[in-house]
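Chains here go by letter, A, B, C and D, matching the order in which they are written, and residues are numbered from 1 within each.
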Amino acid sequence: MDPVLILLLALFGFMLIGSIVAVETRDLLSSVICLGAVGFGTSVAFLLLGAPDLAITQVVVEVLVLVVLVRVVITRKDETQATSRSTLGVGSVMLVLGVLVAVMFWMLAGAGDGRLKMRAFGDPLMNETVAAATAAPAGEPQIATTQAEPGSIGGAYLKHGLVGTAVSRGTGAANYVMGIVLDARGYDTLGEATVIFTAIIGAYAVLRRIGRQAHARDVADR
Amino acid sequence: MTLPMLPYLLALLLLVVGLYAIVAKRNVIKIIVGLAILDYAVNLILVLVGYRTTPGAAPMAPILTGGMANEPALVAGAVDPLPQALVLTSIVISLSVTALLVALGLRLYEKYGTFDTERMRNLRG
Amino acid sequence: MQGMSLIVKNITRLVAGFIAIFGVYTVFYGHVSPGGGFAGGVILAGALVLIVLAFGEEFSRKVLPHGVAQTSDALGAMSFLLVALFGYMAGGFFVNFLPRGEPCTLFSAGTIPISNLAIGVKVGAGLFGAFLALALFRRQSDGRSRSPIAGRPNRGGPNGEES
Amino acid sequence: MQKLLPLLVAIPLAGGFLVPILGRLTGTRRGAAVLPILMVAAVLVLSLALLAGPDETLVLWIGGWEFPIGISLLADGLTRYLLVIVAVVSLLALLFSMDYMRQYTSPSLYYGLFMLMLAGMNGVVLAGDLFNIFVFIEIAGIASYALVAFGTEADELEASLKYLTLGTVASTFILIGIAVVYNVTGQLNWAKVAEAIAAGGGPSMPLYVAAAFFLMGFGLKAAMVPFHAWLPDAHPSAPAPISAMLSGVLIKACGVYALARVVFSVFGGSEVFGWVLVALGGASMVVGVFLAVGQWDFKRLLAYHSISQMGYVVLALGAAAVMQARGTSEAVVALAIFGGLFHLANHAIFKSLLFLCSGSVEYATGTRQLKLLGGLGRKMPVTGACLRIAALSISGVPPLNGFWSKLIIVLALVLGGFYTLAVITVIVSFVTLLSFAKVQRYVLGGEPTAAVEQAREVPAAMCLASLALAVLCFASSLIILPAVKSRLVDPAVRVVQAGPPPRAKAPPRVVAAERPGAVAAQAAVPPARLERTSP
């Protein structure tokens, strides 16, 4: 068994406990700190899964969020403890959710007739190869002569992203993730930069001291 | 159910914990916590999708080190870089949402003197 | 927001520079090592946040006024968009118009380092600005008379007298 | 032409980045609207040029990257149709904002957020990639969360909090759907996902899970009935032009359009999906209108009607999918889809007009409580006339546009054998009429009340925007003329009806992997360059 899997399951257990504590504790400061623990757990999980870029980003984001949240919580006295909604309502909602997740997981993992099925952990679709259909001679199922291509766009990216293909160029970035983020899918990243810009000017807008003012006509009338 | 599907199940459970916080708790900070847990869960699911087991070796990050000579090994063994690129975007988006949410929470605290959403029920859906 | 004790200030003085340098390194070497513009930008913002927390905001306002943060936020975003638009000169939106270079070196991967820089500036300035706005907010509202539960706002919508 | 597609996103984005800086530097208040209006006008011109161009599917691989590596922008009939609707409503809402937003501080932040929201919507409509749809939905969403809270009053902040929470949950669901789709098919480009699904013999169990997540996510964004809780709070709390944008176009571009895309173009619009859409749409239609009748807050009433009217659109599309699966004649299926899409455009027009009128009323009187209003028909003749036209239009009174689209939907339902649904649709239409009779009676009729005593007609720019939309209420009736219809709406109808691309051509692919029928076959499609393909 993959040692990564064992470590990962242990980490997930820790994160689940941490998140339950974060949600259930009545003290807001403890809640925020537990959230930070779960966030750092996520970062370690990213590292285990071969994603150092994500691990770094998760850590720095988590630190910043934690600083802001802790400041927000400790500078504001909130005498009311975090309360829950009525047990019955929440219970029924959670029951429905639990059943839903169980059914979904069963549909994802177990059931099905073999086609288009969910790939297991550690065996992504890019492990499959498919033949380039153009060169396949008609009527012949064996197409060993044609070039094998990875079965997913991620695999294609690994294969052609850096150096390129006959028809396409590569990014030239040794860090494939950055190559995708800033070149091949740069448009997404433009969107991402816009999201954060939007949120920041949105925060400025929300935090304005005065939102409304008397408009010119009102002033003239009075 | 097979063991290799277990990480997905645990990530889904994390998702349920986040949803529980949003459904059950009546506090702005708890909503922030719940949304953050939701984001961790979905980011983990995406990275899990891209993971590739390399037999007898540690997982290989999709970063080329030591020149072009190592490139074939990387292509054969590295994890999928695409979900990582997606998660990078997703982390930034959740950070942005959190920033806006904190701003709203501060403003609401200023108006009501509490983070408890129970005490700020002017609106009825 | 007051500054913190002398010990914190001295340690901050020592550490903040290194954090900032690490942030800059992360931005510039994003295309060859883990990190990149976003992570580097957050690290830069983190260094500035540390300074604000240790020295108080009066000091930080001298170093980096709020308006500068806002403006460079927008300029960073705009220059990323411009990198994309310059691609039209080479054939289309987002075309990487600079030479690829040798992989694994600093000057490689065409426009990627430039984009990384733009995003680094944008994210660093933007998040720092947001932090300042969130941190300053309390000070402003302290001056205001605040009842524990504000009166039920006028559901009939805004009216001119309110402000 | 396809080289210009990114400009539809880039122009408003540049506006979003530049307007706040320029506002800081120059400090003008009135002038802040000039640059956005020019930019939106440019976007409108581009969209109209696209609509007027030949009916073909434009595909642009951004940055010269090709399948399978890059992101594509895609403009087919449905995209162009929505682009024009978005641009028209945005331009008029901006025009209205010029005077209306004098009630608020920081106009440059407002216009910046407005442009970012527009960029987000255009990005969603143009995206050829599932993850790209997610990113741009987030841009539009976050801008709209901030705009809902723009007045920073307590209930506005609260509505924004609710909207943000549910909106983020929706985005999370969409992202999980994307993760499952990527796991199963290895693709992100929705056209390629559709090919992969068709090559694998239709959706399998995991893909139904993905579809369920997409339906929940986009259903939340579109405020379909079990997921509608945020809309009646969020839409009325925003400034009036933003209410017009949210109800008029945002729930369409980010909700209904994305829903239709995923259901019809990706998963192939089978009978199951058809019935789900019929259930969502029918429930929204009925619940929305009955909740609306009891409202006394003008804008809240309008918001509930948005739920109800979007129910019509989704119901028509769902019924079309069911009919298609049952083998009803293609003409009837096309009629149902046409009814839905026509109603979508009509709703964008009359609901924005209604919200703008409510804004004018609020601007002039300072209240939006129906019981405090009265006699405005004489005090504000232009706004009153516009409000009358819009109310008649949404209630489905001939010869206004709302009548024709509702008639077509009912006709298609009857021809398709959905008699009960047709009756329900007609009843809902009558209740709508009733509800707007109340609005007209309380706002326009009767003697002027104390709140109305001081009211005067609103400034010219606001009147102009309302009048333009009122004219469009008449003008868009012309779409039922076959000559106009075949030019404007039929390309969009064909896109929805055709379903996923490979239904026309599905070349058998040979798979080298040991797994028979492995889904990865579509990766074998030879990389296409900037391609222009006619459907």
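Following the convention adopted for this analysis, contacts are C-beta pairs under 8 Å (C-beta built on N, C-alpha and C of every residue); 3 or more make two chains touch, one makes a residue touch a chain.
As the structure is a computational prediction, the values presented were derived from the model and not from experiment.
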List every chain that touches both chain A and chain C. B, D
Of A-B and C-D, the pair joined by more C-beta contact pairs is A-B
What whole-Å value do you get for the distance between chain A and chain B if each is reduced to the mean of its CA atoms? 4
Rounded to the nearest Å, the gap separating the Cα centres of chain C and chain D is 33
Between chain A and chain D, what distance separates the C-alpha centroids? Give it in angstrom. 27
Provide the C-alpha centroid distance between chain B and chain C, rounded to the nearest whole angstrom. 22
Among the residues of chain D, pick out those that touch two or more other chains and give their numbers. 6, 13, 17, 20, 62-64, 103, 131, 135, 138, 142, 145-146, 149, 151-155, 157, 160, 182-183, 188
What residues in chain B touch two or more of the other chains? 15, 19, 49, 61, 63-65, 68, 82-83, 86, 88-89, 92-93, 96-97, 99-100, 102-107, 111-112, 114, 119, 122
Shared-contact residues (touching 2 or more other chains) in chain A: 52-53, 57, 61, 64, 68, 72, 76, 104, 108, 118-119, 124, 126, 152-155, 157, 161-162, 169, 174-175, 177, 179, 181, 183, 185-192, 194-200, 202-204, 206-207, 210-215
Which word fits the touch map of the chains here: line, ring, star, complete or other? complete
Residues of chain C touching chain A in the complex: 26, 30-39, 42-43, 45-46, 49, 53, 70, 73-74, 76-77, 80-81, 84, 93-94, 96, 100-101, 103-104, 108-112, 115-116, 119, 122-123, 126-127, 129-131, 133-135, 137-138, 140, 158, 160-163
Mind listing the chain A positions that touch chain D in their complex? 104, 107-108, 111-119, 124-126, 128-134, 136, 141, 143-144, 146, 148-157, 160-161, 165, 167-169, 183-188, 190-192, 194-195, 197-199, 201-206, 208, 210-217, 221
List the residues on chain B that touch chain D in their complex, please. 15, 19, 22, 28, 31, 35, 38-39, 42, 45-46, 49, 82-83, 86, 89-90, 93-94, 96-97, 100-101, 104-105, 107-108, 111-112, 117, 120, 122-123, 125
Using the touch rule from the top, collect the residues of chain B that touch chain C in their complex. 61, 63-68, 88, 92, 99, 102-103, 106, 110-114, 119, 122
Chain C touches which residues of chain D in the complex? 3, 6, 10, 13-14, 17-18, 20-21, 24, 60, 62-64, 103, 151, 153-155, 297, 299, 362, 366-369, 372
